[in-house]
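Scrolling down, you'll hit the structures one after another.
Below are two complexes that have chain A in common, paired first with chain B and then with chain C.
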Partner chain A sequence: MRATLDRPGRQQRRPGPTSPPRLRRRRNRIDWWAIPMIVPAFIGLAALYLWPFLSTFVKSFMKVPVFGPGTFTGVDNYTKLLSDEDFWRALGNSARYTLLVLLGIPIAIVLAALIEQAAKGRTLYRVLFFLPVVTLPVAVGMVWRFILNGDFGILNYLLSLVGVPGEYWVADDRFTIYAFAVVGIWMGLGVNLIILGAGLQSIPVELYEASAVDGAGRIRQFFSITLPLLSPSVFFVTVLTIISALQMFDLVFVMLGSVNNTAIDGSKTIVYLFYEAAFVQFKQGYGAAIAIVLLVIIMIATAIQFRLQRRWVNYD
Partner chain B sequence: MTEIELATPRVRNGGRRSPRRRSVSSRGQWRIHLILIVAATLMVVPFVWQILTAFKTSNEVASLPPTIVPATPSLVGFDTFFASVPFWAQFTVSATSLALRVAGQVLVAALAGYAFARLRFPGRNVIFALFVLMLMVPSQLFVLGQFDIMKELGLLNTVPALAIPGVFSAFGTFLMRQAFITMPKEYEEAAQLDGAGTLRIFWRVMLPMARPMLAALAVLTSLYSWNDLLWPLIVTPAGDNRPLTVGLASMQGQFGTDYPALMAGALICTLPLVIVFIVLQRQFFAGIASSGLKG
Partner chain C sequence: MHRRLLIAPAIIAAAALLTACSNGNTGGDSNEKVTLTYGVWAGTQTPAMKEIAAAFTKENPNITVKVEERPWPEYWSTLQTGAAGGTAPDAFWMLAQNIRPYASGGQLLDVSDEIKKEKVDLSKYPKAVLDLYDQGDGKIYGLPKDVDTNAVWFNKAIFDKAGVAHPSANWTWDDFRATAKKLTDPAAGVWGVAAPIDYQGGYYNTIFQAGGQVISDDGKTAEIDSPKAQKGIEFWTNLQADKSSPTLKQLSDTEAETMFEQGKVAMYMSGAYWALKLYQNKQIAANVDVAPLPVGEKRATVTSGIVNVGFAGTKHPDAVKKFLLFASGKEAAEIQAKSGAVLPAYEGGEKAWMAAMPEFKNLQVFIDAKEYSVPLPVQGNAAEWQGDQTKYLTGAWEGTTSVADATKQYAGAIDKVLAEK
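Our next item is the complex of A and B:
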């Protein structure tokens, strides 16, 4: 009885012409063509990612001279790191930068919602907001270094017109992280807008129509329909933003490092510290330890977000 | 990261405008446009300032109060840039490493992505889990080892060293697997009935259907490749075969305050990718929307 009931059910789930038994058996067989198709990707992954990852992990417990083999030194690199003022300062800088860049997300949500509602010019707006994303970060850093210059930057001139005294935004380490954050938000806005825009497009229009019938205004709709239904995209954007902000390197290098600005000492981020240790001072073991700590921080930050998402992310 | 990927909304129409949209009454439109125009202006002003500065002289740049439009438009900045940076050599390096990386990655990722999505073979899940795992690890964890490998192979300061690590990307493989796994199986079954083998089905049936995702992957990879700074900086210690990013950054060290030259250089090095973006915006948007930006 059960069997006869099961049969039509299964057939309903597979519409269209039923495949002959020979074919179905074929699909369950091992396909040896998979091996040559996988091999290039697998060798590349193993040699250029897995192995380097493991070697970085091992090196973080070693002292590695420029020439010759390294020696194991246990957790020396880590204890040195934890008592290194530069490391704590860099950690603080990266954390501050990350928190500040998160302010770009509410801006992106509002702008994405406005773009979706505009009757005309949506593509043009998207292109304009996206321009910083396709611009070389090196060029971005150079342009902003000029705009924020303390002596003849245009920002300080504009501030002086309204009577606000200017500061050395990119030469005084009290301000550099804020300068980086402004540039970081400006650079990241385009990506966030596209991801959030795709999320907005997947919200059914009927919901808005129904709530309009019930007399909900546009602000009300934004908070009771748009935000909850957009929350998976907002979550995704938040995770991406935090991961990439914790890895920020380019702006520090371009705006301070490569021009020997003395403000660099108080403005290093974790990845800048890693670069300097491993590839300028050639302390590979120490650099490896910084990289491992960075990985742990990113993993913790991401895990926390997945924990918290249950409270605010709405998967229908 | 899998969970997040799944949570991302798929872009069904490649980021194009959807036919059904909620419209705001035309009376409310001007307010929307007002805000958007102000915001868009803030986005564009740095570029405008960059272009205006590129055509000034360094004296004019240092004068107070600053001039907006160049008083006497000059090409001195461009001359200084071309005289101090081997532009065409570095452009060639950037372009060839980009081409190698994009072509290699699209091919490698499509082959592996298809196998992961549709073929049965021993260890499939374990190997795929390794790919996903590597997807979550930031790139700084790889560069030390990748540097050692390039050094051992004698490839430091060469174009292949710039391109090779990017050819093998867990991200690309993952993206292509997602693309193939969402395709209807009927096409493959029909081709099988016609007696086509695995390779033929992949090459003739599935790959053409995956073209939108291939384009998105190619475009995203171009973006990372053209803009990357850390890896080129590390792998070209001797200064040969440096791409434009590194060239531009090191020019800044020499001409730290010659802003017209710096702005001219920034403009010229940015322009190629901006032009590509304006031509292929849809692929850029589709790539970003379906994956987020991750190298």
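Our next item is the complex of A and C:
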């Protein structure tokens, strides 16, 4: 974990080649041999990542029928996108969802610290929290859809017991994003706990012992030792959470159930919009433009985070 | 999820390369052993489809057909990527809303020569459904395997408990509205009718009954905002305003058909395709009956049907064409009918369909409805403009927008889609 998160340029550069010419020639020969060796991996990479990316990029400037070649239309797709109110609404929904899901990180930190301190059953807790991660998102979505059903759901039943009127959580677009966020946080908790748990274990026990001698209590230790030393893991988890939240699609698809759900128009995320354009409405070029815009947004969001991390992430 | 979506095209590209390599042998030899794949989506029909495949192999021992079922939400995206990559099933189900890009993209086999060769009598098939799939290019891409018309499913027990007379064959819109009102009992959690925003089983029927239409005859403009079409939509908004139906939110949470099966709504206007599901539901089957659609200015129902089509990229076009005609033919119709799964399109299959569900005594109404059926409107990029329905019509159903305003805005959106080439 550490190695991947270290700021670029921090590692000591090896000194440049000062070897005699003979040796350098030998190195050259090894380079030639390396090329056929990396070809299989490169082909895989090219076929699975580079080619789809390039064709998506090119398609975003085209009008593409479902079958057969497309025609270039310049930035038509992009200008249409910018004036498409559905796009802005989807962007807002994705942003709202992402912010809400970030609330899962403090929850995960506290839970991870509690689990680390548990005298017994640490593995059991980890397994329990990890179960939603290895469960099919579709199954998870279905179960939550039943829980959140306005008339027959368990949640509204429980609310009615304490006298709170329930809402149509997955049929009213004022609430759907919150419903997605609850499920998203719950689903992501397992992975976050594993990463943060590993981070916690790498904090030397001596620090806690020393601080205890100095008179620091549990709370003080948490804020003065645990949090700063955990910050690289927190940063990593934040980056992952934001990326996956911006890509959220499956919960909309599964939790809103049918095409007749009238909440769907107010609940679409960017990737849902992409899916709809490319696979339901047969507008591949438009879909490609949405995908590229999403890519740019994710890149900017990630770049900003890497910038900001200098201020709060502690690598020492 | 997103990453998986990106990977999909790559896999297809790879698959395309592979099939391109193996496409060398087009196999004209008719004695060759051939295995075809047949893509379908409805689970309830799969047993009947397997039976049809087996019957076909019995007649053509060299051809085996493997039925491949995919769930509805995935069916179209898988088919689209499969066809683009050359890995689509050899034969598969097609809907009128979806056929346009496949036909114009050259992805479907033309079976008109086979129809001529085998002297298939096209008059045995419902004309409205054949017209629905006519792309105006002189080709025939397949024949319908089934047909659906609409009627009103109703729960006898709720009628009897409320002391309301069962619908008559000639009931009118006013009768329908009054009946729904009388059957509604908020205390018992029972509504008279389910009034969702449903085009095929719902408001398209009433638009035609009011003498309107959804799209103009030339297919270029929407007419859903015409005064007559608006009347057809008011049929539904009135039911919502009367509170004779669960709200749209309730119907979003729990679909209308499920509500009907749960005995929470007394009437559900929809297609013949629910017959078997209702028949198999032990809790409600004894209470289920069906009546013709109420009469507006005139009688009307939209009609559609699934067509069996063949993939142009198949390695065995002759075998596929043979199978397509068989799967939409007389024997296949009888197999389907016996299973009760759907109302077969081939004339004469209706009797066996009705006999499969003897306790449902009034299924004849679906067959009678063929008389006054009109093709489901599917002009242009239908998947796109039909998908917009909730965006524009929800306000009208919920009473926050007038029907005139909602339909006017929706018509504008449809016009835009229709204008795209």
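Criterion: the second predicted complex is superposed on the first by the 276 of 316 C-alpha atoms of A that agree within 3 Å, B and C clash if a C-alpha of one lies under 4 Å from a C-alpha of the other, contacts with A are read in each partner's own complex, and residues count from 1 in each chain.
Here, a contact is a pair of C-beta atoms (placed from the backbone, for glycine too) under 8 Å apart; a residue touches a chain by one contact, two chains touch by 3 or more.
Only a predicted model underlies this, so the values are computations on that prediction, with no experimental measurement involved.
Partners chain B and chain C clash in the overlay (superposition on chain A).
In the overlay built on the shared chain, the residue A:249 is in contact with chain B and with chain C.
By the touch criterion stated above, A:48 is placed in contact with chain B and with chain C alike. Of the two partner chains, both chain B and chain C are touched by A:260. When both complexes are overlaid on chain A, the residue A:152 reaches chain B and chain C alike. In the overlay built on the shared chain, the residue A:56 is in contact with chain B and with chain C.
Of the two partner chains, chain C is the only one that A:168 touches; chain B does not reach it. Contacts of A:281 after superposition: chain C is touched, whereas chain B is not reached.
When chain B and chain C are set side by side, the one touching more residues of chain A is B.
With both structures placed on the common chain, the touch criterion links A:271 to chain B and to chain C.
In the superposition on chain A, contact of A:118 is made with chain B only, not with chain C.
Only one of the stretches 110-118, 200-208 or 236-244 belonging to chain B overlaps chain C in the superposed arrangement, and that stretch is 236-244. 47-49, 51-53, 55-56, 137, 151-152, 247, 249-250, 253, 258-260, 271, 274-275, 279, 291, 294 are the residues of chain A that lie in the contact sets of both chain B and chain C, per the superposition on chain A. Residues 3-4, 7-11, 15, 17-18, 20-24, 26, 28-29, 32-33, 35-36, 39-40, 43-44, 46-47, 49-50, 53, 61-66, 108-109, 111-112, 114-116, 119-122, 124, 127, 130-131, 134, 136-149, 164-165, 167-168, 170, 173, 186, 189, 192-193, 197-199, 202, 223, 226-227, 229-230, 233-234, 237, 244-245, 248-250, 252-253, 256, 259, 262-263, 265-267, 269-270, 273-274, 276-278, 281, 284-285, 288-289, 292-294 of chain B are the ones that touch chain A when the two sit in their complex.
Remark: chain A residues 47-49, 51-53, 55-56, 65-68, 137, 149-152, 168, 170-172, 247-250, 253, 256-265, 271, 274-276, 279-283, 291, 294 touch chain C in the complex.
Considering their complex, residues 16, 19, 23, 26-35, 37-38, 40-45, 47-56, 59, 111, 114-119, 121-123, 125-140, 142-144, 146-147, 151-152, 154, 157, 186, 189, 191, 194-195, 197-199, 201-202, 205, 208-209, 218, 232-233, 235-237, 239-240, 243-244, 246-247, 249-250, 253-254, 258-260, 271, 274-275, 278-279, 284, 287-288, 291-292, 294-295, 298-299, 302, 306, 313, 315 of chain A touch chain B. For chain C in complex with chain A, the touching residues are 1-3, 5-7, 9-10, 13-14, 73, 76-77, 80, 83-84, 101-102, 104-107, 196-198, 248-256, 381, 383-384, 387, 390-391, 394, 397.
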